[in-house]
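First up is the structure itself, then whatever we jot down about it.
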Amino acid sequence: MDYLLHIAILSSIYSLAVLGQNYASGYTGLISINHGAFMGIGAYAGAILLKWYGVPFPVAFLAAGAATGLAAWLLSFPLLKLKGDSFVLVSFGFSFIAFNLFLNWRGLTNGALGLKAIPGPELVNLLDNTKIIFLAILLALILITLWGLHKILQSSYGVVIRATRENQKVTQIAGHCTDSYRRSVFVLSGVITGIAGLFLASYISTIDPTLFNYHLSVLLLIMAILGGLASLKGSIAGATLLIVLPELLRFLGLPNSILAESQQISYGLILILLMYYRPVGLFGTYKI
Amino acid sequence: MKKFLLPLLVLSLAACSGGEQGESDVIKIGYIGPMTGDAGSYGHDTKKGIDLYFQEHPTIQGKKVELIYEDAICNSQSAASAATKLVNIDQVKVIIGGQCSSETLGAAPVTEQHKVILISPVSSSPEVRDAGDYVFRMYPSDAIVGQTLAEEALKYERIAIITESTDYAEAYHDSVLHYLVQAQEVTPVVDEIVQPNTADFKTILQKVQNAKADVLLSIMQTPVKSGILVKQAAELGITAQIYGTDTLAGDDFEQHAKNAAKGVKMVIVAEDDSRAEVKEFKKVFGNFQAPVIFSLKSYDAAHVLADAIEAVGYDSDAIKQWLYDMPGREGLGGPIEFDEYGENNSQAGSVKVGVEDPATGRIVFELLREEP
Amino acid sequence: MQIILNGLIVGSAYALMGIGFSLIYSTVRYFNLAYGMVAVIGAYVAYTLMNSWSLNYVIAMLAGALVAVLIGMLSSSILFKPMVRRGGSSLVILVASFGLLIILQNISALIWQNTTRALSISDRILPGYNLFGLIITPNQLMIGAVALLMMLILELFLKKTRYGMAIRAIGDNQELTKVLGLKTEQIILAVYVIGTFISAISATLIALEIGIRPTHGVTLVIKAIIAAIIGGLGSIRGALLGGLLLGVAENLGIYFLGGQWQDTVAFTLLAVFLLVRPEGLFAKKRLVSVN
Amino acid sequence: MLQLYQVHLSLGGLKILQQLSLEIQEGKITGLIGPNGAGKSTVFNVVTGLIPFASGSVKLRGQEILGASPDQVSRLGLMRTFQDSVILSQITVLENLISASPLLRDISLAQVFFRSAQTRQRKAEAGAKALELLGRVGLEGKANSLAKELSYGQTKLVEILKVMMSEAELIFLDEPFSGLYPEMIKVIQSLIYELVKKGKTIVLVEHNMKLIEEVCDRVIVLDFGEKIAEGTFAEVRKNKKVIEAYLGN
């Protein structure tokens, strides 16, 4: 039973992160491979406050969102000047820079040693089995995010950001300052992903920089594309599938030596087949 | 929403059917380690050490031993997943595991919560010390071994240190620096950090050259990094005496360093080659991908665990108490005695030096005979 | 000064990667991230040839490059060309090429394990030569010499031969060349051959210094992209200068800021260029394109 | 309404616009004609801010707009169509239209959540107007299908409807009739007349001389980025330089 809860919690954390990723990449065309870094920033901001300053969880929650939002806001200035391929590549570059910062800013992040024993939300200890409450909080958070994103995307704001996704120049000609829309989308998507990072940190209670290197950013993008760009339930489906799939592989008893490599090769294959046959993914409505 | 519940349901069916084995006929022991990825060679050797023990002693209290291996790719999140699976699905009470310190630290919260013994053969980071009272480890903490390296370095005037920014190397570096600066008020002339993935040391070695250091400590995560460092140092004609740590030896090191490895020293928790059973173990084991000590320690971990279960049965609290009270004993990998933190610090590091083996012309590391 | 020399040597290898990348990009107009991994496989093949058949380094390097060319052409005709024909946008192809990178990386991890394989010119480690105070190691000599040679050959090829001019023409305007009846299919294949050949050579050169690992595929393609973008996408001279600049900047960063900031320096250099001069050093300014 | 004074644009030695000065009177339809490559579309791109590196002065109702960003120019009441009719393909036709409506401008996240009734109401209003326009041209059936499913002619039509949605005062039409068969041209012509009836000013770039004669009050002729003639279609038709420019120099 605990194992199921464990997988459900991991799936919800990644679903939340992929919702953030999809809000930027699927709905606004900002195909960014750096949301893994945002998860890292949220995780470290929250973990440092929780562990060393013993702040209550809600304060760390706000701090994680604020720190990631600020990072997204700062990054948006160089990034939003770019379009298409160069945008993707520079965002990929940022995930390397962020990884280096986590690794080398020893004073703040304790470097490669990582942070240990990060406390979880206080509510969790009401029941002896802490996982149930943890999952409840996460599901509530996902529902709120879904409601919020749905409301935004159905509103005229949603129409404008999808218009900027299609063609920035035409939307500017129609009288919208596309850069300010793209910036606010990028910041909000960063905040959502950062908060998912905080929950990951407080759930597995020990983090180190290798958790947030470029592999995570690539995984989040694959989840968004597999689930379907510009689709909220697609984001959740994509995240859950790519969390449950590797755990299932544990039961198949593949010879361990080729387990991780074959898992990675299947990711690569998924990507190619998707891009070839069904770029919109499972539930997507937008083809990059 | 209902679409993604389906896979979860399927999973639970698979899970429940496997779980309900009674106390009866099998003793299950879990294993968590890096089967693949960069640290794959460590996982391979420690797994083989455990297999070797249970091939020789297949049963405990007359019951068959079942080993369940889980890959954690040297990553705390997968270690947590592996531990959760072992504890909840396979309902193991004992896990040998966490080779990389990040794995042990990732699995510890799960095993602590379910009161499952976690005994790690080779995690050496000082952070593991207070990871939990069900957590034990066979390998002395870097804080102890680091001291031996620092003492060796103090024989020289101008000390240079190059460290790779990984969990093992940085922890080791901190204990060496701590001992040098606090205990001996000696500050190194060069103290540089390098990135984990690239390995071009020439520019940093230039700093070592300019600082005219006469001893260079190479604290790296994998043998290959030290190998490249030694090669480039030789090319730049650096005369400083190079010291490595226990991760220096390994066939990767030899491939890169080749003849430049002559005279390179390293501080390692060494097995005593002279003992007959160690030689016998090496013969049976075959070729080593990682330092020999790693497989010896995992063999010892299996041995200690088997004795504990034999003595007090398959109950984690009883095993925990037995391990704490266990009198000191001599394992293949060296003396074993657990202090109140579950640490086995009864073994200091010893120094080995690279000497040219006349027969093969290859460089082999032997214990420095004359004690300093 | 020694630092700048180190930087120029490594930079020449980055430049080679960047030139190959820029050449391919200027004709096919999409980013192929698997480019770096194909090059590393070339280095692995060279390694295997040297160890199992004890070929000498240069021959093994060339053979390895030929194998890489084969893989490059295969990937282009099996994966990328059909996708272009189906109207896949450059982003779709970028993501698919990332999938190919992951596959090739893990296949080479299965074949050659996840350790770092050593590649060296001689069995013994020879101390470097001392040229008026600057130390240059045998590896550096080999890298610099071969890189220079490759650049000269390429320059001659592009300037003098018919194919060379066609490639430069297609670089400037794809539709124009279709109109002129030049067979673009053949030219794209030729560019893939040249680009991949150069990249495999450069990967085998870099391997002398840092060995071969499956994860180098990603780092090499990133260095190639940075060199190409700084120099101005599609311009060969730009990629050359971009590569050298990248090599020197990285080494200066290592010396003054510390080794751990190497990647950060590389990416900050890229970000600065994209802010100050997005079209790079040599590319031409283009009129606005609406879509 | 719109004055261009000494507007000059050169790119790498190639002179695209040479000291161009011209004036567009309010409430009239002005034709902008000239052989291919005369710089007609470039004038549109410079005025609407898509090309920022031109020199000289461009005044809209006396206010300098050279160098302003496309959305700032658009907010001053200027809207355009594109020569190769760029449509927002992966959103619905209705969304294409309402994205051009001033009612959807400057919506912030705060307004979406805290004044959601007001934003919903403005979106509904824009939606209603869009449906009404689509109804007039018989396209209301396509309202909720993706814009990429429209035919070439329908896309051209939707672009004109977008201009009407924007309630812009000054409208640039870049070859609205090219590649269409007669009935579709009639429909677009009626829409243009409707715009003029509402007092809009229109600048039309078109190659079909019969339409120019029929539709435009005044005509300006460009050749190699220079103004070579101006006046009514009849006057311009007789001008020697114009004939020379068209019939080949």
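The first chain written gets the first letter, and so on, giving A, B, C and D; residue counts start at 1 in each chain.
We take it that a residue touches a chain if its C-beta (ideal position, glycine included) is under 8 Å from a C-beta of that chain, and two chains touch if they have at least 3 such contacts.
Bear in mind that the values here come from a model prediction, so they are computed numbers and not experimental data.
Peer 1: Taking mean CA positions as centres, which chain lies farthest from chain C?
Peer 2: So the farthest one, by centre of C-alpha atoms, is D.
Peer 1: Closest chain to the protein's overall Cα mean, using per-chain Cα means, please.
Peer 2: Closest to the centre of all protein C-alpha atoms: chain A.
Peer 1: When the C-alpha atoms of chain B and chain C are each averaged to a single point, how far apart are the two points in Å?
Peer 2: Result: the chain centres lie 37 Å from each other.
Peer 1: From the C-alpha centre of chain C to that of chain D, how far is it in Å?
Peer 2: Roughly 45 Å separates the two chain centres.
Peer 1: Need the CA-centroid distance for the pair chain A / chain B, whole Å please.
Peer 2: Averaging C-alpha atoms per chain gives centres 33 Å apart.
Peer 1: So what's the Cα centroid distance for chain A and chain D, whole Å?
Peer 2: Comparing mean C-alpha positions, chain D is 41 Å from chain A.
Peer 1: Two or more other chains touching the same residue: where does that happen in chain A?
Peer 2: 100, 103-104, 167, 169-170, 258, 261, 287 - these are the residues of chain A that touch more than one other chain.
Peer 1: Please output the residue numbers of chain B that touch at least 2 other chains, ranges allowed.
Peer 2: Residues 36-37, 165, 193, 195 of chain B each touch two or more of the other chains.
Peer 1: For chain D, which residues are shared contacts with two or more other chains?
Peer 2: Where chain D meets two or more other chains at a single residue, that happens at 50, 82, 86.
Peer 1: Given the complex with chain D, which residues does chain A contribute to the contact?
Peer 2: Residues 148, 151-152, 155-157, 159-160, 162-163, 165-167, 169-178, 184, 188, 285-287.
Peer 1: For the complex, give me every residue of chain C touching chain B.
Peer 2: Interface residues on chain C, with respect to chain B: 2-3, 6, 10, 109, 113-118, 120, 123-128, 135, 137-139, 209-211, 213, 215-216, 219, 251, 254-255, 258-260, 262-263.
Peer 1: Going by the contact rule set out above, which residues of chain B touch chain A in the complex?
Peer 2: Its residues touching chain A are 1, 3-4, 7-8, 11-12, 14-15, 18, 35-37, 69-71, 73-77, 80-82, 84-85, 87-89, 102, 105-106, 108-109, 113-114, 125, 127, 131, 165-167, 169-171, 193, 195-196.
Peer 1: Give every residue of chain D touching chain A within the complex, in rising order.
Peer 2: Against chain A, the touching part of chain D is residues 48, 50, 69-71, 74-75, 79-80, 82, 86, 88-91, 95-96, 98-100, 102-109, 111-113, 116, 119-120, 122-123, 126, 162, 166.
Peer 1: Note which residues of chain A are touching chain B in the complex, please.
Peer 2: Against chain B, chain A makes touches at 1-4, 6-8, 10-11, 100, 103-104, 106, 111-114, 116-117, 130, 200, 204-208, 210-211, 233, 236-237, 240-241, 244, 247-248, 250-251, 256-261.
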